[in-house]
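Each of the next two complexes has chain A plus one other chain: chain B in the first, chain C in the second.
Moving on to the complex of A and B:
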C-alpha cells in the first residue's frame, strides 16, 4: 500500500524540485558511456569523412584544396577517371549481394531447423557448422585459392576437368559466393537457432491439436516466431555482403580484369594505396547511402507485415 | 614467404576503408613543407660516427627469408659500432607503406627504412623521406659504382632520395628434368625467340605445356614489361605525360605473351603462383620469374633447375627489375647525430651486400657484383648479367596508380577476355586520366 502511494506521489509530481532535475538527467547519464564510444569511433569519423569528401585530400600533402562536390560529380561523369572503375565495383558488390544473401538466409535456416531437433551428436554438428566462422578471412581465402586453382587445385582434381573457378565468369562468382556461404553460414544458423528456441512449445502443440502438418507448423508457427531475428539476420547479411572485400582480394584478386573487384576493395585501393582520400570518402558515402536506402526498404517490408 | 609474396601485398590493402578516415585524422601537422621539397637533411655526411650513443629505428618489409639475412647484418653492424644501436622492425610491405607515412606524419617515424624503387618518388613528393645527395657526395658514390639504370632510379626532381641496396630482375627459371624428358639440352636454356619457340614446340609434341603464362601481376605484368621494352616500346612518354604501352611494341609484346596460351604452350586460366608451382611439380619448364625465386627453388632438394637471363624475344635486350633502396625519414625535430649515424649504417650495409645477395638479390654495388664471392652464387650471378639493361618505371609520384591499369590489361588479355590491342588501349586511356589526376595532385 505504501509503495502504491509513493508511486502516485511521483507520478503526480509531488516530489522535491531537486529530485525532478536529477530525474531528467538520468537517462542521458546512462546513455553517456555508449555515446562517448559511438561519438568517438562512429559519429566523429563519419562527419570528418564527409568533410574529407569535399576536398582533394591526401593527409600528407599541404594543400588539401576544397573542391566542393567535385568528388561526387566525378562518380557520375562517364569521362572521369573513377567512373568506370567505381560503377564496375558497385556492380560487383551488387552481384555478390544478390547471389549470396538468399543463400545465406535459406541455408542457415535449414541447418538451424535440423540442429534444433534432438539427436545424438547434436552438439558436435552445431560446432562443426559454426567452425569455419571462427577462421579469419585470410585463412579461408588462401585455403580456397589453393583448393580452387583451375589447373592444380584439389577441387578440379576431384571433379575432373579444368573449370576456371577463380579466373573466369561466372565461375568466380560461384566460388566467391560458395566460399562465403560455407564460411559464414554458421553465424546465421546460430542466430536462427536462438530464435527457434525462443518459440514457445505450446504454439506447436496448439498447431498439432488444430490438425496442422509439418508444413503448416513451419509456416504459421516457426516463420512468424522467427520474425524478430529474421529482421536482424536479413539486415546483417545484406550489410556483410555489401562490405565484401577479403574474399575477392585473396581468391580472385579482382580477376578477370577488375570484374570481381568489389566496392570496398576499390575504395580501399583509392584511399589507402593511391592516397586519393577525398574521392574514396565520396565513394564511401555513396555506398553508405545505397545501403541506408536498402536497409530502410527492408525495415519497411518487415513493418508492413506486422 | 619471400619478396614476391610479400610485395604482392602492394597490389592492394589489407585494411578496410575505415582506415582512410583514421589515417586522415593524423592530418594537419604533416611533415610536408612543400610538395616537391621534403625538408632538409644534415649537412655533412660522414663515413664514421663519433658522437654520443644513438639508437636508430630501421623499418622494412623483409618478412621472408630475406629478413634473416638483414637481421644478421644489423647485428654485425651493432657489434662493430658500439655507439650506434640499430633496432630493426619488420612489417608486411603492404602495411609498411601505409604505416610509415602515418608514423612520419605523427612524428613517430623511424630513422631509416627501405623502399622499392617505384615508391621512392611518391614518398619524396609526399614529404615522407629526405634527400640523400650529401650522402652520395661524401661517400664519393657515383654512377660508375653501381650501373646507370640502378643509380638513376633513386632520383626524383633532380634530388637523390634512395641509395640502392640491390636489384631484383626477372630471370628465366627452368626445370632441367622436364627439358631433358622432352629431348632438350638442359644445359642450354633458350636465349632467343627462335630458340624459345623451338623449345616450346619440341615440348608440345612431347605433350608438355612448357611455358605457363600467368595473368597476374606476379609475374605476368613484369613479363609483359620486359617484352614491351624488348620490342622497343616504353610504358610512358618522357615526363610520364601519356601512356605509350598501347602502341605497336606493347601490342606485339602482349600478343606474344597471350599467344603462349592461345597456341597451347600454356594452359588457360593459370592462377596466382600456379606457374611456379607447376615448374616445381615437373609440369612446366620455362618460367620468367623474379630473382627472389632462387631461394624458393633452392628449398626443393630434388628439383633439377637452373636460372638464366631472360631470352631476347624482341629487337633488343631488356628486362624488368625492382630495387630496394635505403631511405631516411623526415622527423619532427632534426637530430644531426642520428642522421649521421644513419648514413654510416647505409654505407656499411651497402658494402656488405654480398651477404644480402645470398637471400636472392643482385647487389647494387659494382664492386660487390664483381667480387669472387658473388660469382660463387651461380643463379644470382647469371641474372646479374642483365644489370645494364634493366628497366624501371619512371620516377614520378603516383606512377603505381597508373601502372595498375597495365596489370588489368595483361589479366584481361591472358584470360582471353579481351584482345591484346583492345585491353591495352582501354588501359592506356585510363592511365592517361590517372596521370592527369596525379599531375594535378602532386603539381607535376
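Moving on to the complex of A and C:
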C-alpha cells in the first residue's frame, strides 16, 4: 500500500481522491462483476476452445477421445474430408475482404470530406448516410435478397435485364460487397469525419500560404492528420470483413454452390449444425491466428511509415 | 459558393441520401402491398391498393411465426443486456479511470487484446458453456455473455477520465467513500455517456443475428433477427410478409436513431477514435 502510494505520487504527480482512503481491495471489488463475466465468456472459452480442438469432440457422442493435433493436421492434409471445404471458405472470406476493404476505406473518406464543412442540412445528410448502419444484418439481408431477386427484384427492374445477382459468379460477389458497403459506409464515414474535425485549422491555412493546390493539401495535411483514425478504421474494417456471415447466409446462401460460403459460415455449420466441434474449434483458432497476424502487419506498416 | 455550384453540391448530397434511404422506403412500401403487386413487373412505387394484410398474417394467433413474441423477446433481451452492461461496465471503468492498483495494466491489457479477437471465434466453446449453464434456448443466452464485451468498459473509462476531479475531491473531503463517490458524483455527471452506451448496447443486441440462430431452437424463444431468417424461408416469395417482418425489426432501431441521433453518432465516432 505505501509502496503503491509512493509510486503513484512520483509517477502521477497527484494522489487521486479515491485512493488515500480506500482499502487496498476496493478497486478489485469494483472490477469483480465485470471480471466474472469476462472470465466466463472470454477467458474460459479461449482456453476451453483450445482444449476442444485437441479432441474428437462430437457433441452428440458420449466419448470425446483426445487426438492431439489431428484436427489441425487435417486442415492441411489435402486428402482429409474437411480440407477442400475449409480452404474454399477461407478463400471466400479472403475474396470478400480483398474486394470490400479498399472500397470501405476510400468511399467513406470521400463522403466524410464532402460533409467536413458547415452548411445547412449537414446533420440531416450525415444521418441519412448513417441510417442503414443502425439496422441489423438480418433486416439488411432479407431486404436485399428481395431487391436483388433476379426475376422479381427492383434492382433488375431498374437496370433492365436479368442479372443473376444472388445465384451466379461474379455477380454474387458484387452483391455481397455492394450491400456491405451500402450498409456500413456510414460507420467509417462518421469516424473519418470526427478525425477530420480534429485536424487543426492552422495547418490548412499554412498549407494555403505555401501555395499547394487542393491535392497537396490533402496529401500533406489531411492524410497525415487522419493517421490515428486510419489505423483503427483499417484494422476494424478488415476484422469485420473477415467475420462476414449474415450477408452470405441470407442473400446468397453460399451460392452458386459453396463459393460464397465464408469461413465463419463453415465453422458455425461444422461445429453447431454437424456438431463436429473439435474440428470447428481448430478452424476457429487458425482463423484467429491469421487475423492476429494481419493485424500485426497493419500495425507494423503504420509504424514504419513514421 | 456560386449559385450553380451550390445547386450541384446539394444534388450530389441528395442523390447520396436517396441511395441510402430508398431501399428502406421500398421495404416499408412493399410491406403494405398485396403479394401480387409486390412482384409485379414493372414494379409500382406507391401501393395501388394499400393493405395491412401482411401485418395481419404476422400477428395472427397460433401462427408458426409468432412475430409479436419475437418482438417482446428482442425487447427483453436488448433491454436486459443494456442494463447489465451499464452496471458492470461502469463499475469496472471507475477504478480503471481513477485508481492505482496492482494488476491494473495487466487487466487493462487483457481486455484490450479481446478487441482484436473476433468474438465469433469463441462461438463453439461459448455454446458449450451456455449448455452447461442450462441457458440454451433461453433469453439468458442472449443477455449475459454479450455483456463481457470490452467495449463498454473502454467507452466509460474514457468518459470518466474526461470528468473534472474537483467534485470528487470535495466529496472525499466531506468523508465520502469510494462507493459514494461513484454513485453520487461520477454516475450523475456521466448521464450522457451512460445514455450513449445504453443506446449502443441496446441496438447491437437488438440486431444480433449469428449467436441467436445457433443458441435458440424453438420458435417461441426466438428474437426478431433469427425470426426474419425463418420468415424468409417460410414465405419465400410472399415478399410483403417478409418486408413487414423486416419493418417491425427496423422501426424501433430507426426510431431510437431519429430521437437520439447525436448521441449515437457521437458515441460511435468516439469509440472509433479510441483506436
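Throughout what follows, the second predicted complex is superposed on the first by the 264 of 306 C-alpha atoms of A that agree within 3 Å, B and C clash if a C-alpha of one lies under 4 Å from a C-alpha of the other, contacts with A are read in each partner's own complex, and residues count from 1 in each chain.
Simple rule for what comes next: contacts are C-beta pairs under 8 Å (C-beta built on N, C-alpha and C of every residue); 3 or more make two chains touch, one makes a residue touch a chain.
From a predicted model like this one, the values you see are computed outputs, not experimental measurements.
Legend: residue contacts after superposition of the two complexes on their common chain; A:61 is shown touching chain B, with no touch to chain C.
By the touch criterion defined above, A:145 reaches both chain B and chain C. By the touch criterion defined above, A:255 lies against chain B but remains apart from chain C after alignment on the C-alpha atoms of chain A.
Once chain A of one complex is fitted onto chain A of the other, the partner contacts of A:280 extend to both chain B and chain C. Residue contacts after overlaying the shared chain place A:48 against chain B and chain C alike.
By the touch criterion defined above, A:264 reaches both chain B and chain C. When the shared chain is aligned, no partner comes close enough to touch A:98: not chain B, not chain C. With both structures placed on the common chain, the touch criterion links A:292 to chain C but leaves chain B unconnected.
Note on chain A: of its two partners chain C and chain B, the one contacting more of its residues is C.
In the superposed pair of complexes, A:272 makes contact with chain B and with chain C alike. Where the contact sets of chain A with chain B and with chain C meet, they give residues 45-46, 48-49, 52, 59, 145, 152, 243, 245, 249, 264, 267-268, 271-272, 277, 280-281, 284. Residues 45-46, 48-49, 52, 56-63, 80-81, 84-85, 145, 148-153, 162, 164, 166-168, 243, 245, 249, 253, 255-258, 264-265, 267-269, 271-277, 280-281, 284 of chain A touch chain B in their complex. Across the complex, chain A is touched by residues 9-10, 12-13, 16-17, 19-21, 23-24, 26-27, 30, 38-39, 41-43, 87-89, 91-92, 94-96, 98-102, 104, 107, 110-111, 114, 116-118, 120-129, 144-145, 147-148, 150, 153, 165, 168-169, 171-172, 177-178, 181-182, 203, 206-210, 214, 224-226, 228-229, 231-232, 237, 239, 242-243, 245-246, 249-250, 253-254, 256-258, 261-262, 264-265, 268-270, 272-275 of chain C. Residues of chain A that touch chain C in their complex: 4, 7-8, 12, 16-22, 24, 26-28, 30-31, 33-35, 37-38, 40-46, 48-49, 52, 59, 111, 114, 119, 121, 123, 125-132, 134-139, 141-147, 152, 154, 157, 182, 186-187, 190-191, 193-195, 198, 228-229, 231-233, 235-236, 239, 242-243, 245-246, 249-250, 264, 267-268, 271-272, 277, 280-281, 284-285, 287-288, 291-292, 295. Chain B makes touch with chain A in their complex at residues 10-13, 15-27, 30-35, 97-98, 101-102, 104-105, 126-128, 215-216, 267-272, 274, 277-278, 281, 283, 398, 400-401, 404, 408, 411-412, 415, 417-418, 430, 433-434, 436-437, 440-442.
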